[in-house]
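Structures incoming, each one as structure tokens.
Two complexes come next, and they have one chain in common, subunit A, joined by subunit B in the first and subunit C in the second.
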Partner chain A sequence: MSALAKFGKQPWLWAWVGAIAVWAATAAYTGGTGSGQVMSAALTFGAFFVIVALGQMFVITLGPGNVDLSVPACMTLAGTVAMKSMDGSGAMLPLGLLLALAIGLSVGAINYSLIRLLRIPPIIATLSSSFIYQSAAIWWNRGLRVKPPTELAEFTTAKIAGIPVIALCVVVLAAIGHVVLTRTLYGRGVIAIGQNPRAAHLAGVKVERIRAATYMLSATLAGLCGYLLAGFSGGAALNMGEEYLLSSIAVVVIGGTSVAGGYANVPGLWGAALFLFLLVTMLNTMGAGAGVRLVLTGLIIIGVIVAASGGKRTT
Partner chain B sequence: MSAESDLIVRLDGVAKSFGAVHALDGVSLDLRAGECLGLVGHNGAGKSTLMNVLSGNLLPDTGAIVIAGQDVTAGYSPQTAMQRGVRCVYQELSLCPNLTVAENARISHPAIAGFGWRRAARALIGAKLDEVFPGHGISTNDVVGDLSIARRQMVEIARAFAVTDTPARVVILDEPTSSLDAVVAEKLLKHVRRYVEGGGTCVLISHLLGEVLETSDRIAVMRDGGVVALDAARSFTRNSLVAAMGSVAETQTAAAADGAVIRDGAPVTLRATPSAPETLTLTAHKGEVVGLAGLSGQGQTELLVRVFEHAPGTDVSGNVSLVAGDRQSDGVFPLWSIAENVSIGSLRQFLDGFLLNHDKAFEFSNRWKDKIGIRTPDMADPILSLSGGNQQKALFARALGAPAEIIVMDDPMRGVDVGTKQEVYAMIREEAQKGRTFLWYTTEMDELRNCDHVYVFREGAIVADLTRAEMTEERVLHASFRADA
Partner chain C sequence: MTNSTRTSLLATVAVLAALAGQSALADTSGKRIALSNNYAGNSWRQAMLRSWEKVTGAAVADGTVAAADAFTTAENQVTEQAAQIQNLILQGYDAIVLNAASPEGLNGAVKEACDAGVTVVSFDGIVTEPCAWRIAVDFKQMGKDEVLYLAERLDGGNLLEIRGLAGVFVDDAISAGIHEGVAETGKFEIAGSVHGNWAQDVSQKAVAGILPSLPDIVGVVTQGGDGYGTAQAFAASGREMPIIVMGNRHDELTWWKEQKDANGYETMSVSIAPGVSTLAFWVAQQILDGADVPKDLTVPFLRIDQDTLDESLANTEPGGVANVEYSLEDAQEVIKAAGM
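Up next, the complex of A and B:
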């Protein structure tokens, strides 16, 4: 009983409950036809969400005011530069990947420098720097869509036994993220800083080193996501990161991570990513108009967050 | 004097449990007009819980609260407590750090409203500060977060005594002097007597038995959630109080080791110079316990933090760990368990390769639970389930358990009871003999007697350098004030 009660208090539970409920509702509406394809699509798109949300989760956990708004621009820059450099050649695949990761890493380093050296609040620093990254992407390829190498396109759409390969890879990535969060000095440090940065410093946590690493991690994951997404969607487009700005934050919050910092969990990211995708799919299937769809999306997200916080919100 | 009509508050059979822990076990207590009731007991005896019930923050499981003859138990809340004139100065201060002193005063005095409220709030809190703590040096426009913990404490106290539309009939002071130096504490206790003689009622919770004996009319001793002794203050002595609390009578502080011997033989582990002009330099040798004295907020904490950071102007050989005194802002991680709060200081010890072994960390914190006597059924419980003094013990365990040669302590005994203090003193002495160096900032004269060497601070500078043999209360006080002041 107490094990069950403890399970019921897991913060990630509600995102999963929501995802399964929405999927079941869709399947019931269509009489079961196509529910396999819907799940497969959800796993693919969910994987992209989870990659960026993983980085965003570490940033948000650093505490109030910490958020990385440069995710979309970083994805776009990494995607365009990598696609143009590879120019459709499969042999260049690893080089393109390295390039995308290196761009992410540099973007993170620049973001952190702005925050630290110029003492700009993270929201402003990452938002303003993202204009520069976005402009750099425009300047780099003049807005043309370069086709990705076929090998990359094949990888991002491949399936094993009906399950997208990319989803399997991102499950492994999330598992690594979970271990980093819960069982490394870095992860403990992030959670300590999110609760009380001054106490963390005085307890011997290397606060600034960890903040730097976190912003670099977030941007590097965004770079990786940009690379894979460009491969999946037939090339890098200048608006490819757009919807990842708010959804990277929404996935983190719906997944049960505290917006106030100091508390995070990884399983919720997957639950929330699937939930968000399946929710939109359900409303589309049911033929809801654009306006109704947005209103319902907002209301249902609020519902899940209220359910997840349960009795804790007594004030 | 003790006529029924003087009765202000009656707590009748108040019980309160948190899970399996019985914090209060049917406590009955009367408060009368024109008296100061001293409340003493070990950490976790239930003193703060009882006062939280009286001030409306906790609802009792059973029992009644009667104020001025009226049973107010049903729906009792902090608001009703305020309306009925019950004020509380909490051990964990309740000011909003992002607001100014005047704005904080307005929060608990909603009668201040309309145009010019800011001016009215400034006048109210400023006048009370001047009355209770003359020469306090606080501007009512200061942002509370920028004030030292001693000054925040003064603001909180002045706010509780200030009167607008509701009277201040009962003022509860929970460890009010723990962050104040002797001079300011004296001003407060004098004010308490004036207030009580004017017909007010005061509850004074303190671990400093001397001030309780001197200030109170009656004293209640609590142990394990109940009142075990209640009598006129004059019928108690220091020793009988300690005995009633249930610990062995305090033995005379073991004389610190002969400082000169350590100084001559041991290598220097650290030197630090405050940034103020015309200052002496602090030197500490291996195995020494060095005291930082003076009035509170004279640059002692700043120097400790600089030593901790190995900042320029300091020459520190070895790792440093810190025991925070201002536990809310410098010490506690509120979302974590007690075990996590203890082990954060020594995580490297629990690494298996790159990964932390949580079992090892938990075992480590359990060892410290026994060693330092943290009162909890389970170290996996949240840190905030502990009383203030027990949280402080957890912070001690964090620092002493860490692999550090030098330990700096920022007035670390705030809210720690007498028995535990003696144990911690002994532990510090033992660790020093093993070769650790301690820097110990304290505002309590008694604690300086545990130090081998004392430096007195004034206005950010070190103004006196006293060996164990030279250290007397007079000399420390003398150095704490400017010759022309």
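Up next, the complex of A and C:
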């Protein structure tokens, strides 16, 4: 097989093709004005998608039935608690970050305990526990929007040569995720479990330990995203995570990761995150009504997934 | 003073006080009112519940009604709320104040309540069942008022419209009012329209996406909960800040105040006070009291202008929504206005 043909079979390729096509279509429609700024905005908002999708990808790769539906509630809880604890003080920045990560870690641990100890299917376990997290967030600050420290707001909105700093950081984070997935015992274990948990167990993979780590990783990344998003959008709000439930799953799937588990890739996450943002932007720019927009979004996503799953999968 | 005179004096005072209390509100002192609420997951609903607690707590304490308990469903589901209403009927409440998950979906349960002799007063999320009272918001007028305000301030130009959640009637109503206002004033053009879902982060994202492709924007018409996110997106784009109509949220008012102090930024803010739940409470109390109340009432807007900003902001708790709690007299006024 030639190198080019092999490249054409990469499962993440279609998300990128989709993103670039949609961006070009938007640029063509507006005659090129502002397409650089559109890309810059896409990089910023895509970064938030990628953070949660990275965790969701590992969970989904564990195999059928594995999904983390507590992402939005975890983001909200981590974001609100961190913002309230810092109370706008820059000196408290590291503490807030640690708090957000610790909340994510605990959320993941609780999710996994429900799944493992009480034998509740992951979908039910993470969905029902998310009510508890959401209620905890409501109880904690009753919907208050506490402003983030200026330093955090500046960091999340900063740009170097037009490229958002947060996007650069998340590219690095994604690269680490890629190495973890493809080069470490843990990452190979996740893929092995997704392909056949019994075979993985017989081959000496510590199945339950890896599942526990995966759910904790997913929730911790959600906590991190909640922290950064609260900094970016001027404070945590009770409904800040709502969008990220379906988006986190959509980004994973459009990015070429198998819904059935066992096959995953990181580059597709970025492609899919940009694609989703640019798609909505394109339809907004063209003035499509809400109905048309939702129908087209659905159709285009189906199209990309069908195209992406056409080729044989490789990890 | 002897012990016996003191006792008789105290007794007289007590009787007088009881009489004074009774003369206006004697008929409802044994009545129990329940709040059936479909959702509590945003700051507006949180403020709504707090206002309810505050006003009805006082009403229960001074014996106006016997109980005023609030119940919120977890899932914002019609079936769940219908079951909740049935439970409230069984528990023997005299009136149910209802913020409904659906205008039609609960009609069956509401009819059951009416048939059981329970007074149903719906507000904000109203129900169409004819036996219930409706305290509705004229959302269309709200949208139109925004454009009329911009028309006073500006000579014309391009507007950006931030819409709410697609498919919800409130979004359609406000937007219809905005478009009607644009057509009537005849000097604006809506250059772009995005759905912000009444959430600051969603609005910020949507505006940041569409902004680069838009011409100069002179004003932004919003639906509430989206003004701050919009302002953030404009600030990040480096464009000149347009007049963004705000929606009474604390973050929006705070931002407006900062801009006002820094560069004299002027705008207005309009929304519905979450305290409308207390208006519904008093209307229910009046109905139980035997007052003649028309079935359809209209909620007054809570509008904040440049000169009332400081005061309104000071009275708005951080993270909340500008609020007013309604009194019995306010309710009687609204009832009178609807009767005319």
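We adopt the following convention: the second predicted complex is superposed on the first by the 309 of 315 C-alpha atoms of A that agree within 3 Å, B and C clash if a C-alpha of one lies under 4 Å from a C-alpha of the other, contacts with A are read in each partner's own complex, and residues count from 1 in each chain.
Definition applied: contacts are C-beta pairs under 8 Å (C-beta built on N, C-alpha and C of every residue); 3 or more make two chains touch, one makes a residue touch a chain.
Quick caveat, the model's predicted, so the values are computed rather than measured.
Steric overlap between subunit B and subunit C is absent once the structures are superposed on subunit A; the two fit side by side.
By the touch criterion stated above, A:188 is placed in contact with subunit B alone, subunit C being left untouched.
Of the two partner chains, subunit B is the only one that A:179 touches; subunit C does not reach it.
The angle formed at subunit A by the C-alpha centres of subunit B and subunit C is 130 degrees to the nearest 10. By the touch criterion defined above, A:263 lies against subunit B but remains apart from subunit C after alignment on the C-alpha atoms of chain A. A count of residues in subunit A touched by subunit B and by subunit C gives the higher number to C. Look at A:203: by the touch rule set out above, it reaches subunit B but stays clear of subunit C.
Measuring only between alpha carbons, the smallest separation of subunit B from subunit C in this overlay is 33 Å.
With the contact threshold set out at the top, not one residue of subunit A is in contact with subunit B in one structure and with subunit C in the other.
Across the complex, subunit B is touched by residues 179, 183-185, 188, 191-192, 195-196, 198-200, 202-205, 262-263 of subunit A.
Contact residues on subunit C toward subunit A in their complex (touch as defined above): 40-43, 46-47, 50, 74, 163, 166-167, 192-195, 197, 199-202, 204-206, 208-213, 228-229, 232, 236-237, 249-251, 317-320.
The touching residues of subunit B, when paired with subunit A in their complex, are 305, 308, 321-322, 324, 329-336, 344-345, 347-348, 351, 354-356, 358, 398, 402. Interface residues of subunit A, counted against subunit C in their complex, comprise 26, 29-30, 33-38, 41-42, 44-45, 131, 134, 138, 141-146, 157, 229, 232-235, 237-240, 242-243, 277-278, 280-281, 284-285, 287, 290-291, 294.
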